[in-house]
Amino acid sequence: MGGLMAIIYGGLAIMPLFVGGVDYMMHILIMILIWAVVASCWDLIMGFAGIFSFGQVAFFVIGAYASAIVSNKFGIPPFFSIFIAGGIAAILGVLVGLPCLRLKGAYVALVTFAVHMILEPFLKGHMGRAIGTGGSRGILTIPPINIFGYAFTPDNKVAVFYLTLVLAVICSVIILMVIRSFWGTAFLALKDSEDFSASLGVSAFKYKLAVFALTSFLTGMVGGFYAHYVGMLSTRMLGIDLFVTLMIMLVIGGIGQFPGAILGAIVTVTLNEMLSPLGPYRPLILGGLVVVLVLLLPDGVIGLLRRIFGGKRKTREAEA
Amino acid sequence: MLQTTELNAFYGQFHVLHDVSIHVREQEVAAILGPNGHGKSTLLKSICGLVDQVQGAISYKGRDITGRPAEKLVNDGVIYIAENRELFPEMSVLENLKLGAYSKNARPFEKKNLAKVLELFPRLEERKKQLASTLSGGEARMLAIARGLMSNADFMCIDEPSLGLQPNLRVEVFNIIKEINKQGKSILLVEQNIPQIAELADRIYMLEEGRITFEGTAQEAGENEHLKEIFLGM
Amino acid sequence: MLIEYADVFISGLTNGSVYALMAVGLTLVYGVSKAFNFAYGSFYSLGGYLAWVLLAGIGIWGGYISVFIIALPLLMAFGYVTEKLIVAPLRSRSDWEIKVMMITLGLALFMDNFYQVAFGSRMKSLPPIVDGVWDLGDIVISYQDIVILVLSVSGILAFRWILNNTRIGMAVRAVAQNPEGARIVGIPKDRVFAATFAISTVMVGAGGVLLAQKYFVSPTGGWDILVKSWVITAFGGMGSIQGGLYAAFILGMLEAFVGYWFGMTWVLFALFAVLLATLAVRPQGLMGKWG
Amino acid sequence: MKKLVSLILTITAALALAVPAMAADTIKVGVPLAMTGAYTDTGDNYWKGIKIAIDEINASGGLLGKQLEPVRFDTQEFAPERVMQGADYLCGKMKVDSVHAGWAGWGQDVRAYGKYTAPFFADDGSQSAVDVFNQDPKKYSNIYQLTDTDINQASSMFRVLMALPYEYPNKKVAIITADDAWGTGVGETLAKNFKKEGWKVALHEEVPYGTREWGPILTRIRKAKPAIIHLEIVSAQEVITFFRQFMESPTKSILSYGYSIVPREVVQTMGTEADGIIGEVPTAMPTPIAPTPEAQAWVENFKKIWGHQPQAGSWAAYSGVKAWAAAVEAVGDAKDHAAVCKYISTKGYKGETGWWKWDESNVMRAGGDVPIGHYQVQGGELVTIFTDPPVKPYKDFKFQTPRWCK
């Protein structure tokens, strides 16, 4: 896992050598890194912990707005406000997680997706405007992250890219450590049989709540980072498009196949850009692709790689 | 009528049955005895097409039925009657019985069988309209057997019919099984170690740790030291 | 005052009947096979587009009656084949519930954009089934609403009758209540799964035909339906048809009265607040069961 | 089936052509529009105008002897990073010499394209976009708005409502808007203006998109019996369902749809049923008879090509392309973006109805030769009854009292 991750990030790290001068390409690379973290978090909560959380985009947007508001209103430097944003997202994550953990399958999906759906009217409405979301106009000026006097604005995309890379690597290492730790084992046990693992002393509640907190924190923090990079925010991120795109990253990367989600982000964003000139045919093709891939590549690209290179085949049964 | 040859069965990585060979003759009651968790139920389920990983051969009326799924076997005349009963809790007793005659072969005999079954189980006749979930343990066991009869199967695999029943109910259930057998059905049943089984069964197998450790008539079983020990040990 | 409440009540009743028809199919499939169909809204649009093609495109003789006669079997076939092709193969996989959600989400994306490419992004309108209003003095009810109410309620009743009195209906209930037990008595589970998927497609597609003349058809118009149906099934208890019915009418009323008292923007908040409160007390919904 | 086959063929062909042939001697024109998602339809309207302009220029020998080559970009649902990506792609990577958008991000676009130099034409109609511009007019000097702001458009609606040759039975108004930036902006401006005139705002409601069941709101309307109902939701399903449910038991209210009259489906679906509804279009091409022969010819041409009356946005986007082309023609170099922008800002452009002039914020303010058009549906078509500012009856077209008010 770690080796593959190092190869992927290593490969990305040298990309600016080739396309460093093309803002458009650098922007795509930055977005790949951002989505890679969000998708990995989603994979951690859904693929490993087995919780059907559909609130990842919501936590991303919450983090983005939180960081923008905190830095705009209280003058807190963005470098710190993204952590505050992560904290706020984590608290909300726990608040959402608490009722969810009593629920099952599709119910969890619904309650978490409800957060997503309610977020838009909230941010646009009077309550949102009162806390500074700018209502349906959004927030159009957000200061860039500034480290030792160097501003990471969209004009310096290579610099922003390496900063994003550092952030993404840190987040991925955290996720990797979680998966490799006792937690990871606990999650796998939980997924196979809750009764069985309860008898082993794995407290389902504690771990699931912790994973809610952790993934919301990381997602919210990356959301904050995104806000300061792009410099503007609107509720238009809550459309179905981004949600589906993230889902496609997981399908392509493979569920519960970390670091597949990172590969998924790379492939999906690239594919999306290549198909973009086709207009309405783009989502048509993407949708068809999801159907075909779920059927043919049950473990995503990672599964395919494993089949090709014949590495250690890790099946669920073998681990249980 | 039914024969297994060197049957092996697996649950995931667990090898549950080892080279089990048994046979049941026409109109015979065969019983499989053995301690809990040694594979008796697995054997029945393997025969009835409810276990996915099976090796070896199973034949019924001279036909190979290995790997044939349960829903098809019902039509062939092999029915499984579960220990945990597997009823439809939110349906009435009558609906449960009607569903027992779901398979194509049983359908034409639904009316006739229903009358027969209700005659055999007067208690169910009384509770015809009640939901299955409201039945007592003994009644539910009877409903399970009755539902099995509705399938018009010739060969019935009954999993621990007396489990958890009071002694007087046990006797009633065994009497009914005897009656069914008299009406021409072959029966393979699984029990832990009930002395009464000797009166009911024509042939007895002992299954320990997934292997057959004894095979013989009821009389032979009664004379077998090893079995006696277990019978007395209860 | 009373007149106004009666007015809002009627509005709630109309909402409720529509929601009931929509939600029953979703809850059925979940109850029987534990599969959650994300393309449900797109199936709704499919019904609408079928009606549009038949009425406006071909100009079929016989109007809506012919539409129902032709569209319903087509929808049924579509649902059956979809289940066999993309849902059934996943059942034996690990994480199959997530994978079913994903694959149906992909299907939804595909279908919605297919509509856009094939029919254009503009909404399509259909001729009304009936015109005119029933004037009761202070209260006015359109015949269209009455037709929708009557047809959806009778649709649901017909569905319940099928479920309770036919062989296939009994088989469906049997699989829902006890899949292993159903196998034992010889019910082909896989075929029942596909059949329920087909029935649910018919239900939602018929809803699409019925509602297209009031609410129009557009490529992404199904999402709203999916979300509302989802809330209703969860509220009523996933898999409980009775619960779904109650939930549909309760939420229909809630929507109408919250909209009247507090304004339309609060409807969504109110829906989720009620849902969350219900789930906090009864995690399985109003009438749902675990398992 | 035929459609399916052609669909598959198109996909294959499009994939094959996805790598654009690098024609050496063309001028690239960026066209970032919504091609998928909720805004597809408006994106289509703009594209129709832009396409006509480009085809016209190419047919007449091109611009400075070079053909124009449109480079399209799908802005999807205007997520911030998508808007930014469009700018980086079109201006940064494809090096286009002008960008023609429609709705483009309501301020997000100003920041994204302001980084580059190519002239950028948007139809945001939003004060927030102008606010961003005014933060740094120098940096954003390449940003042009083809329509006036939401505030000014709403004020125009109010003036015309007050000028209608119609006796209002009372001074009560109901305002219903979508909960987007445009809707809330228009709603607030209208409410302010009505209150100032001594009217009572009996109902002011923001509704989410997708609202199609109007029972509760109509109940309140029927109770209040307002003289004016203003509905501002730029989506056909919502406005048509509202109208139909309203008509089940109408109150004697003037039905003012503002910019919501724009979606083509409104008149196309309802035909004469919609007669009586009023609405407005900024940067409007008045119909059915255009103000000048040139404009009339343009309308005829549009109808010939696309098979229907021009919609809001089509003409504005068309004029944006032509204004830019005229400036390039005058400057003599498409690559000299600063000079082109300076020319547009100072000289303006003479279009079919007369002069287009941008103000110091690069906003095409309503008035003069390009006023806001106010329509009423009559005989199933949009008929211009007023232009504004200043409020002036248009030709001989008269306001007709709606049938439900008689």
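Order of writing sets the chain letters: A, B, C and D. Residues in each chain are counted from 1.
The definition used in the following text is that contacts are C-beta pairs under 8 Å (C-beta built on N, C-alpha and C of every residue); 3 or more make two chains touch, one makes a residue touch a chain.
Since the model is a prediction, treat every value here as computed from it, not as a measurement.
> More contacting C-beta pairs: C-D or A-C?
A-C
> When the mean CA coordinate of each chain is compared with the mean CA coordinate of the whole protein, which chain is closest?
That would be C.
> Just curious, how far off is chain C from chain A if you go by their C-alpha centres, in Å?
32
> Which integer distance in Å separates the CA centroid of chain B from that of chain D?
So the centre of chain B lies 76 Å away from the centre of chain D.
> For chain A versus chain B, what separation do you get between their C-alpha means, in angstrom?
Here chain A and chain B have centroids separated by 53 Å.
> Compute the distance, rounded to whole Å, between the mean C-alpha positions of chain C and chain D.
Once rounded, the distance between the two centres reads 36 Å.
> Which parts of chain D, given as residue numbers and ranges, touch two or more other chains?
In chain D, the residues touching two or more other chains are 36-38, 40, 179, 206, 208.
> For chain C, jot down the residues that touch at least 2 other chains.
113, 116-117, 121, 220, 265, 268
> Indicate the residues of chain B shared as contacts by at least two other chains.
none
> Residue numbers of chain A touching chain C in their complex, please.
46-47, 50, 52, 99, 102-107, 109-111, 113-114, 117-118, 121, 125, 240, 244, 247-248, 250-251, 255-256, 280-281, 283-284, 286-291, 294-295, 298, 316
> Touching chain C in the complex: which residues of chain D?
Chain D residues touching chain C: 3-4, 7, 36-38, 40-41, 44, 179, 205-208, 210-213, 215-217, 219-220, 222-223, 236-237, 240-241, 245, 248-249, 264-265, 269.
> Can you list the chain C residues touching chain B in their complex?
Going through chain C, the ones touching chain B are 167, 170-171, 173-174, 177-178, 180-189.
> Can you list the residues on chain B that touch chain C in the complex?
48, 50, 69-72, 74-75, 79-82, 86-91, 95, 98-100, 102-103, 106, 147, 151
> Of all residues in chain C, which touch chain D in the complex?
For this pair, the touching residues of chain C are 4, 7-8, 10-12, 14-15, 113, 116-118, 121-123, 125, 133, 135, 140-142, 214-216, 218, 220-221, 224, 255-257, 259-260, 263-265, 268.
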